[in-house]
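Here the chain labels run A, B, C, D and E in written order, and each chain numbers its own residues starting at 1.
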Amino acid sequence: RADGDVVVFAAASLKNALDAVDAAWKAESGKSATASYAASSALAKQIEEGAPADVFISADLDWMKYLADKKLIKDGSDVKLLGNRIVLVAPKDSAAKADIAANFDLAALLGDGRLAMGDVKAVPAGKYGKAALEKLGVWSSVEGKIAQAENVRAALKLVSTGEAPLGIVYQTDATAEPGVKVVGVFPEDSHPPIVYPVGVTADSKSADAAAYVKYLQSAKAKELFEAQGFTMLAPVVSN
Amino acid sequence: MLDLTPDEWNAVRLSIKVGLWAMAASLPFGIAIALLLARGKFWGKSLLNGVVHLPLILPPVVTGYLLLLSFGRRGPIGSFLDEYFGIVFSFRWTGAALACAVMGFPLMVRAIRLSIEAVDRRLEAAAGTLGASPLWVFLTVTLPLILPGIVAGMILSFAKAMGEFGATITFVSNIPGETQTLPSAIYTFTQVPGGDAGAMRLTLISIAISMAALVVSEMFARRIGQRLDIG
Amino acid sequence: MLDLTPDEWNAVRLSIKVGLWAMAASLPFGIAIALLLARGKFWGKSLLNGVVHLPLILPPVVTGYLLLLSFGRRGPIGSFLDEYFGIVFSFRWTGAALACAVMGFPLMVRAIRLSIEAVDRRLEAAAGTLGASPLWVFLTVTLPLILPGIVAGMILSFAKAMGEFGATITFVSNIPGETQTLPSAIYTFTQVPGGDAGAMRLTLISIAISMAALVVSEMFARRIGQRLDIG
Amino acid sequence: MTLSVAVHHRLGALDLETSFESAGHLTALFGPSGSGKTSLINIIAGLIRPDAGRIVIGDRTLVDTANRRFVPAYRRRVGFVFQDARLFPHLTVRSNLRYGRWFTPQGERYAEFDRVVEMLGIGHLLGRRPALLSGGEKQRVAIGRALLASPRLLLMDEPLASLDDARKAEIMPYLERLRDETRIPIVYVSHSIAEVARLATDVVVMAEGKVAASGPTTEIMQRLDLLPPEEVGEGGAVLDMKVLRHDEGFGMTVLGAAAGEMRVPRVALPEGAVVRVRVRARDVMIATERPQGLSALNILPSRIVDIGKVNGAQVDLRLDCHGDMLVSRITRQSLETLQLTVGRDVFAVIKTVAFDRANLSPGAPLVLTS
Amino acid sequence: MTLSVAVHHRLGALDLETSFESAGHLTALFGPSGSGKTSLINIIAGLIRPDAGRIVIGDRTLVDTANRRFVPAYRRRVGFVFQDARLFPHLTVRSNLRYGRWFTPQGERYAEFDRVVEMLGIGHLLGRRPALLSGGEKQRVAIGRALLASPRLLLMDEPLASLDDARKAEIMPYLERLRDETRIPIVYVSHSIAEVARLATDVVVMAEGKVAASGPTTEIMQRLDLLPPEEVGEGGAVLDMKVLRHDEGFGMTVLGAAAGEMRVPRVALPEGAVVRVRVRARDVMIATERPQGLSALNILPSRIVDIGKVNGAQVDLRLDCHGDMLVSRITRQSLETLQLTVGRDVFAVIKTVAFDRANLSPGAPLVLTS
């Protein structure tokens, strides 16, 4: 890692997209970014402990707010960058069909199987999923049948291996995983908006951090993010 | 401080149960493999040794996936066991115990193996001349002499089970009352802003349980040690 | 299959470096603590024993946080070491080594301790009568006799370092070229769609390195064993 | 029971190439340190698998490499007293002693616990762990452990080396009884001629892995050349004599053989019993006329049949006492002064006190090598 | 150098309560198995810290519990030959032997490697690991290891028990030289009266943790009551005699003392040298008239000064030979037949061949207990 690189602390689920964006940025500007991918929680606490991060991209608003509240994010630097959708998936050989709407019969679809999703308290995708199911009025009927995974990828694995007949994961994961098929998409208004915010840390001394964050909102970046299934929430800015 | 939620109480109980089962169920295999590695001379011994160490070498998540792939509902071993023996691991506490047992296995085997290698084989020969068949020699001489290693292996396995969550949560997920062990519960807390206090509380409970187990094991080991003391 | 990206090569090199350092740096402490626990009689021995086992008992994430809080730039120990010795752990490879050393420590101590407890103390007494001071007795008699335990402890520590990522990633994050070890890189792969192939590739490399280490250690141990063989 | 051993085994620098047959009840292995005695009994016990060879005891073939036969140690029912005691450190003395019993069929248990414990004087140690025993105590427990397994073949590797003589004196009669009454064959490694002469029916002398000589004790003991220089004084004739009568007044026993009558300290055997008497060569004096006013009580007329090689100041004479052979060691000076020649009739003079318990033992019915 | 030991120590059931002083150069500890001999030398070595007591050697106080003094084992410069060999299993024989050298100051190294190795006959074993040695080989290496540390105090716990007599005969002269030339005090545990009589200047007889008797060897050896019943035959007088002349023709040496002249097999010492002669009680016959035509060469006029307690068939007489004391063991029958009474003048008759090498040793200049 060359000194002078922009150090980006990013939620692990962004790796594919962000690696592509970083490569493009390097090609265009000649500057490099170094990304450290881990759970948002770990990254936030590391920044709190003085980690040499310039930019933080969280998988949810909570951890960004956690840092912002401690004045560890440069005022006004945070942007709601990306959005995502949560979907209901089943193993690819499954015959399950669902029309996700209020009070749809998820319990019947599960049978005696379990619904795999991220931890409903800890993992963003789990939190969104639980909110959606509550909003749709089916939570109470499946509450006892949840298999909470450490992260959304693990939930996806539980479905792709056939361990669980259904799971709730991000669209970005579902489209890229050949072992599952999307059974239904949760209505966007059934859960709080899924947001990946980005911000520059208060301790950042990098002159390029702001430029990097700006590049994340460029047309090229938008193209790369959307190729991975994210939606771009921030308006495109031009350099 | 001890006003735990019912789910947390469940996690405590489950952790102890999973830890004890993981420890107990892996013990015979641990002893057998340790014996093989310490004494055996066979083709593929290095391979076996490597396989035993795998759970240590692989990131727990990977071990969890591998367990899922082989012992899961559709995995070759999982479906076989389900069909012929009715043993199901997926999303059951038994799966958590399996994951913990696997994760602690290399530690247990190493401890027992070290003890086996330290046994004075002349004592076994002496038992043989007194009419004890190899099995009896093992039961009456080798086993008592390697008790320190067995105790160490058991405590390592139990302690590991108290701390293991990567493979467990990946394999059997995190179902309160069924597969949510203490470390899974702690993990959940660490992932939420402001969850530190809760994590701390459960961590202290986990430490308390393990310390109790440690103290008991040390007392036991001291007893054995005194008996074997070579004044 | 071996066409790794530069970052991945870095991870391989870093993992080996971190593993070796973790193993080597914790060895003297491991031997000292094992001696204390095996031989010492002092108030607070149970406590020490418990503390040594903590990294095993605690979920790695918790260990990572505790390291971050104490050895981080702003932590009490971290800032002290930085100020007076210029040793910085936070977000450096040294921190990764520290995390791995800590995680492997209970395993190393147990192995060495088991060996120490198996030493025939009458041999040490014999060395004493020949004029060897306690330190010399330790260096010329005890140490050679516990080599099997030391080798086992070292290999456990190294293997653990090859698989450890929970505490590492939590303590020093996952910065390519600085703190991204093989298991962290593997973890990252498992977090994104289509990462399985990459994870598999790195996993195989990790296994290969560990197996090489295992084979070397076994050969070494066999040598020692032959020397100590009680015919 | 005949013990027949013919084995070849390579041990580092030593080539063990041993072949002997012994029809005796107690076969002594005798030889310098490192000559392969322990290795040989390890092979007999089944702890070492010989490179080649055959071991047969009675009608049981224990090893026959030509026919790929190898009875494992635990099926041989040997009682092995190791040179190092090798007690089980995790068991009390009592459990150590009882260990072999578990594996002995009920009907074949001939050793009585209390009797053995009493003989070995280890009653007060039963509750202890071996680690706290003294060297001699360990060795005694080891002997007890081997005996209490009621073995069908007893292998003893210098079992009495670390014991004081008082203790030896209590154990030896037991071994004699074992030898004579239970007829358990015993292979006994020892450095002590006194032990060998007293206990052994047959002797195998080893040197550098080979058998230097073997045969009945009476024969081997007369071959002073086989004995190590330090032990020749202990060598001499071994006579089997009959108890003629007891002289209770003086606490003596009169023994008889072809050689004549001999007075020895009181022997606790009935009249008619056979006693084995070791007459050390150095205890036999020569007189040309019947001595008067001398405290030595045994004066046997005999004839010089052989004058041995001169050895420093000393020379050994073989005497024929009416058919029984005696050996006498005297100085060259006496040989010359007394003008002793082959064929001359002389008196063999032996003090009664020369016979201590170590030289008298209930006579082993000597069995000739078949 | 005076060795003074007065310790109290509780060992399980045994109460070790030992107190003795020895100004001798080689102090033998003698006593039955379990009497506390090993424990006592462990205390002298510093391996056991006594509950109470004082140990002083020369002007060095090793232990003084009253003054809280305790010199740790490694500062005592003792050479300890353990009852079990205790070789370092991870070192070759050579490294085992050299171990103590490292810790011996250059100027204080008196033991020569080659000399010791040759004496012990372990030259061919130097490259081996202890695990592959025979019992006697181990013990010899252990002796070598202790000697090569050039200790200032040598503690030997039954060092020769597992050795054959030929080997013993090579080691004993070395120990004698050590005792007499280097003046290294030696404490020597043994069950063998022959060894004790030959080597020891002083004897401490132990029984159940207590000192039953202690004193110069010459005194203790005459007290046949102290000896275990099996060993009384070995007891007797110990005389220090001067080499008068050699009789090369017959390979003999003539020794002189107050008692008169004695002919013994050739001794490799110059005229005028002092030789310690052990005269076993059972080797001394009594004659009321000077015997004629007898192969026994040594006939000493003497007077009966004491008739001991009757012991079975036997009785011990003390004889005064012009000031030197002899002990004779004869039968009660002879006592009566020859009408022996205190005060009667008789002849003590001793065969020359009764003196083998074990009974003759370069005389230790006896030092009286200060």
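Everything below uses one rule, namely that a contact is a pair of C-beta atoms (placed from the backbone, for glycine too) under 8 Å apart; a residue touches a chain by one contact, two chains touch by 3 or more.
All values derive from a computational prediction rather than experimental measurement.
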Contacts common to chain A and chain E (chain labels): C
Interface residue identity across copies chain D, chain E - same or different by half: same
Taking each chain's C-alpha mean as its centre, the one farthest from chain D: A
Centroid spacing, where centroids are CA-atom means, of chain D and chain E in whole angstrom: 26
CA centroid of chain C to CA centroid of chain D, Å: 60
Centroid spacing, where centroids are CA-atom means, of chain A and chain D in whole angstrom: 91
Whole-Å gap between the CA centroids of chain B and chain D: 57
Multi-partner residues of chain A (at least 2 other chains): none
Shared interface positions of chain E, touching two or more other chains: 84, 132
Touching two or more other chains - residue numbers and ranges from chain C: 61, 65, 122, 187, 190, 230
Every chain pair meeting the contact rule: A-B, A-C, B-C, B-D, C-E, D-E
Chain C - residues contacting chain B, complex: 46, 49-50, 53-62, 65, 106-107, 110-111, 113-115, 117-118, 120-122, 148-149, 152, 156, 159-160, 162-166, 183, 186-187, 190, 199, 203, 206-207, 210-211, 214-215, 218, 225, 230
Chain D-touching residues of chain B, taken from the complex the two chains share: 122-123, 125-134, 136-137, 140-141, 144-145, 224, 227-231
Contact footprint of chain A on chain B as seen in their complex: 61, 64-65, 68-69, 72-75, 90-91, 165-166, 169-170, 172-175, 187-193, 195
Contact footprint of chain B on chain A as seen in their complex: 39, 41, 44, 62-63, 65-66, 114, 116, 119, 121-123, 146-150, 154-155, 157-158, 161-163
Interface residues, chain D side, partner chain E - complex: 12-13, 31-34, 37-39, 83-84, 124, 128, 132, 134-137, 140, 157-158, 161-169, 191, 228-233, 247, 250-252, 263, 265-266, 282, 285-289, 291-297, 312-314, 328-334, 336, 338, 349, 351-354, 356-358
